[in-house]
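Next up: some structures, all given as structure tokens.
Common to both upcoming complexes is subunit A, partnered first by subunit B, then by subunit C.
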Partner chain A sequence: MSDQTTPRPAQEAPVVPAQGRSGTGATGGPSLVKEGPDPGAARRRQLPRLFPLHQVHSLGLLVVLLLLGVVGAATSGNFLTTDNIVNILTSAAVIGVITVGQTFVIIGGGIDLSVGAIVAVASVWCTTVATQSYGLGGMVFTAVVVGSVVGLLNGVLIAYGKIVAFITTLAMMASARGVAERLSDRQSQVVTVESFNRIATDKILGVPLLVYLMAGIVVLGWLLLNRTTFGRRTFAVGGNPEAARLAGIAVRRHTMLLYVLSGVCCGIAAVMLTARTTSGASNLGNLYELDSIAAVIIGGTLLAGGRGSLFGSILGVLVFTTITNIFVLNNLTTDIQEIAKGLIILVAVLLQRTRGARPPA
Partner chain B sequence: MKETGPTAMGRRNMLLGAGALGSGLLLSACTSNSNGEADKANVKAASSTSGSTPGKHVTVGFSAPAADHGWIAAITKNAKAQAGQYTDVSFQAAEGTNDVNAQISAVQTLISKKVDVLVILPFDGKALTSIGAQAMDAGIPVVNLDRVFDNSLAYRTWIGGDNYGMGVNAGQYVVRTLKAKGISKPVIAEIAGIDNLDLTKQRSQGFKDALAKAGFSVSIRQAAQFTADSGQQVMSNVLQARSKLDAVWNHDDDQGIGVEAAIKQAGRSEFFMVGGAGSRHAMQEIKADSGVLKATVVYPSSMSASAITLARLIGQSKGMGDLVEQEVPSSITLFSATVTKDNVDQYLPTSFT
Partner chain C sequence: MRGITKEFPGAKALDGVDLEVEPGEVHCLLGQNGAGKSTLIKVLAGAHQPDSGDLTWDGEPVVLPSPTAAMRHGISTIYQELDLVDGLSVADNIFLGHERARYGLTRRGETAAAARELLSSLGHPEIAPGTEVGSLSPAQQQIVSMARALSHDTRLIVMDEPSAVLTQDEVGNLFRVIGELTAAGVAVLYISHRMGEIRTIGTRVTVLKDGRTVAGGLPATTPTSQLVALMTGRESAYDFPQRGGQRALPAREEVLRVEHLTQPGSFEDVSFSVRAGEIVGLVGLVGSGRSEILHAVYGATRPASGSVVVDGRPLPPGRVTAAVKAGVGLAPEERKSQALFLQDSVVRNVSISSLGRFARFGWLDRRREAAAATARVAALDLRPADPQRAVGTLSGGNQQKAVLARWLLRGCRVLLLDEPTRGVDVGARSELYALVRELADSGVAVLFVSSEVPEVLGLADRALVLREGRIVHEAEAASLKESHVLDLVMEESRP
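Now for the complex of A and B:
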């Protein structure tokens, strides 16, 4: 919960790197707990940051999730079973991994509309008869390579070709799915490699491997975003690219890397989804771009970039997955689910607008 | 200095990228799937169809939704293959699309090309009625394939599957099997397809009616999107909603791949499942008899081949050979066969992949 991605340290870090380094030396991160010569001053600086605004937002989302839990438990006896909680987490795994990449891209001031299509093309490519003959390793390798290459294409076009991210990834969304249709001849390619399907069936301590995979990637993503120079640069590039450039950040290279990161996440998500559905098909991952963007936005990340929280994004994914779960448990129809999801996105964005209207602290 | 740094890095990254791209291309070189020729079982040799002697040359225009789904892909392939059987038919297909507006434009193009007969599988029958009527008004007979137009003036002949009957047959199989097992109060789940299509409503209605005759009812019904991932997602939640099931009907075998995966992943096997449409994968599962899938109700993808045959007969003003009538009938409803382990060998060749 110690999510310290306030805009301030992010913006500060690259501009005044000397201060942070000379002060703390060893850690090198924008650490909250600075053991400086004047502990009183440090505490005074700390106090307003104890609950920065977007953490309040994440707290709000936690409350929403808890409320959903109460509703779920009240309406269905099956909701609070271990099995069902594990099921919700497993259902969240694929979108969760995609959302990690999407969060980076959006914080960095971009958007990736092609995530669903990348998942489709990676899933199809890794399940062709030829790829399957290489077994588990070959399939996973192919999916991740395909994902990162498509991400790299996005990144190069956006960062060096100077085409707007929205347009580039929109074009990629169409053409990547086209490639997927061509490769698969529009057929569902059933996975016959048992070791691959076991990615979705294997459990450790009763929890599916998929959940550990998501958790691992979320933790890695969180560390990358909040504990490394790469993460601070992401905030800086998204907040004000010109200032970031003047501060010595290679903005174009960094932007490109963000899309590669998103592509890699999609590749991994494709492996997970393909194992889950035991098939690769060009229609997999349909509308995942909207699901992931919605999760990022209700998670409190500014669509304009520069501010955001990975923790919030994952909460966003869990909120949507839990809603779906509760609706199915109560046998309600799809249309009501869609309405509920739409309302939640709207409320989240309204909340965000009141937040964004305030001057940056 | 500031300029050279990033550029040099950029170049290195580009090289890395090119390397990755290269390995991707290498991979692509060996990914050739057996490229979709329609199976012989889904077309009929010209010599064995009625009015087989070559007649007046007929240009058949064809428009269908985007082939993003196994069944629709099979429809397009079978139509083309059947047209290839005739020396007196030339086949003009418009690009498939799931956008109603784009399909209207596609059909309009075929009308302005002055094809002799049109075969149209509309994405949405109601929404495309006007274009069928427009073609008929222009003097081009329309063979309406499967999803029916709103107005019978919009087509010369309708040929399609029996969605209601498909639901009924699935329901009857479920009732038969449950009764044989001696289960009197069964928990029955239904995984429907895209919920706002008429065909989904009709299938569900048929299923409901057949169950009602035996005093059974659907305990939980959820809709997926005809895709494997949506089927997996919905079924994994349904399995949580009902800790014990007796029977499941899944409307579509393509989404069924995901439904079956969810069942396997949850380690459940206390129930049996009936599929829909009749994919090769589903029929192989039924034949192997190793999982929960015990039957599927066919929605024949060969109907597009039959539609081409009808279009040719209409274009040449011929009737159907084995019938006494001088003209092709105005409506043909196909039967939705129930495929089980006992008759799967008969239907396996007609399944779509």
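Now for the complex of A and C:
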């Protein structure tokens, strides 16, 4: 219960200075939740512009994460150990990388249900006997190329074939996994290239390479989204595709590129996951589409597109992995875990709705 | 309504509004954008709750806690932004919320029959009840909206700028319907920026300014200058800028040339050209192909045949990106849905078409971007002068300025304006006219579409008259008379 009530003050806290500034301080708090000309804009100016648009939501999520930390530390003595925290980050790494791509796609007004299947097909393809004979470089190259080609296929069908993203990627989800099963004959393909497996086992300063990989991709993704023309156009294409088109943006090409980007992220994630399990298999990445979409949504990105935050998405991933970790430490069954995940998604969407309820006048 | 106030955080939208509407009258509500008209309507429709003040209905005080409550009392509202469900049929839209149903099953036959009856009473029997609303023209959608309002047992109909999307003869038809309604004792609250209309159908006029009633229940015969003065503190209604560089015109080079542009069903064999520094106006009824021509020139649609030449180079048909690259800009008719990213800041809206200029290898220099956009916005005197404000919170006129600023920043050779003053109040219109003229004087070729004949005659150098997709007349705008243009435009559609 405390999970649900405590984030609120944190959400409203930044509003207070804005309120004072516009001179309506006396009217009091609750009415501020109602629509107004631009408390959001005022808030945006108040805060440092580290994380545009959704930083307030992200702060709320940060509080949730801290609370989870408190709960974890209180229920298990092992929670706050370095090993465990590294453990959490490591298990967040794969889904984190996928979520970067998913965030771009969703902000751009689409959705990618095929991410899990792309991971599977990339994992299987990069671990065939033939591919493994090319060594580490060949395997990584194959995974990324397979990921981007499947993403390109998604993108072409959606942007130029004008098939709804949901349907296209749903179809891709089924058929890409089918391809993975056919390629591997449903056997797991053990990786014999030692250097490849070391991607998952190598550590720098006690932290696995996987975590650095995720961090690097998240930072790159954040810069791409918030500091480049590509990112700006992604927001525009998702926010109002018709206006974007009439403003001279190549909307179809941009949409296609978003799915390629998602595919590339899946390819990288496939490398990381395959190295962790030291084998390629067609059942890898199962249900990752749901995990990544859930993380994006609780991170404050609108499912309708046009607004969102990569930072929020990553916090979303961390919230989910931390919950799993706490449940495992306390020997709780996975069914309760799933219920908790579901509840968190609902609460996050409810919070998002009160924020999104403000109509654009 | 008495002493209605409504406060939003940071802004007092209504500050003591009085309004009295009698049965059987057409009461006109006048006021600049931001005067509180829309808020007032929403209070009447039960969509907003007033913070103080009383509503009296039939001599009894009432509260309208919800839109449904307002409808039960017989108050229907036709909003400016049509609120129809595109994917549903005409009949379903008309009876949305109060479906003809029994035991939860809709009665399709009865619904269709009732819809048909309503539509023919509005003079539009040609709209089939089974048609999907999204496939109708804006004017037809307006009729459906009205039919919906009438489908309730209505005693007061609020119309927010109903004529904005209508052509002259459709407006005539609207007035006929309004006449019939008022004869039956229904009261109409009519909001419009067009003085002529108020003159024609209005009984009384109430003027709002800054959330207050500045004059209530004036007779509709009050001189325009007096009404405009009440709204703005200014005297004249339309201020058209001087046609400046006219003497130099023939010498200027041709920037845009359109040759034999054809799209069966929309327009046929359209050819014209626009010179640098010239403003050309396209007049015609809704459905005469005005907007369609602009869209084809811009590459937003691909015409069946014909060519568009900018600065001597033909544009590839159907490619907006190529047109923009060649220096063509469009301010579309539906600002909110076709031009703006409502939640985004003014800066982002302005810079979106010129991002490449502020980037190196895709990396945005956001400081330069903001500075350049802010400079354009300031040059256009966009208010409030806050470039970080969400563009959706601005008034219609200022939103239009944001769109113009976008093309100013991009720097264009040809500017296409589709109904540039739609939803823009009288004061801001003059400003926009001056801006467009200024742009033209700086060498831009301007082509604009308007359904308001005086606007074309006042602003344009040259006017092209369209009828059923063909250019039927071309003349210096200054030499044309409004009545003549109306004649040309409607010749065929006359009985």
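Assume the second predicted complex is superposed on the first by the 306 of 361 C-alpha atoms of A that agree within 3 Å, B and C clash if a C-alpha of one lies under 4 Å from a C-alpha of the other, contacts with A are read in each partner's own complex, and residues count from 1 in each chain.
One rule holds in what follows: a residue touches a chain if its C-beta (ideal position, glycine included) is under 8 Å from a C-beta of that chain, and two chains touch if they have at least 3 such contacts.
Since this is a predicted model, take the numbers as computed values, not measurements.
Colleague: Check the residue A:235 against both partner chains and state whether it touches subunit B (first), subunit C (second), both, or neither.
Modeller: A:235 contacts subunit C only, not subunit B.
Colleague: Going by the contact rule set out at the top, does A:222 touch subunit B (first), subunit C (second), both, or neither?
Modeller: After superposition on chain A, A:222 lies in contact with neither partner.
Colleague: Now for A:104: first (subunit B), second (subunit C), both, or neither, which partner does it touch?
Modeller: neither
Colleague: On the A-aligned overlay, A:196 touches which partner chain: subunit B = first, subunit C = second, or both, or neither?
Modeller: Neither partner.
Colleague: Contacts for A:259 in the overlay, against subunit B (first) and subunit C (second): which applies, first, second, both or neither?
Modeller: After superposition on chain A, A:259 lies in contact with neither partner.
Colleague: Contacts for A:307 in the overlay, against subunit B (first) and subunit C (second): which applies, first, second, both or neither?
Modeller: After superposing on A, A:307 lies in contact with subunit C but is clear of subunit B.
Colleague: Touching A:250, do we find subunit B (first), subunit C (second), both, or neither?
Modeller: Both partners, subunit B and subunit C.
Colleague: Just to be sure I read the superposition right, which of the two partners does A:320 touch: subunit B = first, subunit C = second, or both, or neither?
Modeller: A:320: touches no partner chain.
Colleague: Looking only at subunit A, is it subunit B or subunit C that touches more of its residues?
Modeller: The partner making contact with more of subunit A's residues is B.
Colleague: Need the overlap of the two footprints on subunit A, from subunit B and from subunit C, as residue ranges.
Modeller: On subunit A, the overlap between the subunit B and subunit C contacts is residues 248, 250.
Colleague: Across the complex, what residues on subunit B touch subunit A?
Modeller: Subunit B reaches subunit A through residues 2, 5-6, 9-10, 13-14, 17, 20-21, 23-24, 27-28, 30-33, 35-36, 67-70, 72-73, 195, 220-223, 225-234, 236-241, 243, 254, 257-258, 260-262, 264-266, 279, 281, 353.
Colleague: Okay, in this complex, where on subunit A does subunit C touch?
Modeller: That would be residues 19, 22-24, 27, 31-32, 34-42, 44-45, 227-230, 232-233, 235-236, 239-240, 242-250, 306-307, 360-361 of subunit A.
Colleague: What does subunit A use to touch subunit B in their complex?
Modeller: Within the complex, subunit A touches subunit B at residues 76, 78, 81, 83-84, 87, 90-91, 94, 125, 128-131, 142, 145-146, 148-149, 152, 156, 160, 181, 183-190, 197, 200-201, 208, 248, 250, 252-253, 256, 273, 276-279, 281-286, 324-325, 328-331, 333-335.
Colleague: Which residues of subunit C touch subunit A once you look at their complex with the stated criterion?
Modeller: Within the complex, subunit C touches subunit A at residues 7-11, 298, 300, 320-321, 323-325, 330, 332, 337-345, 348, 352-353, 355-356, 359, 362-364, 366, 386, 388-390, 392-393, 406, 410.
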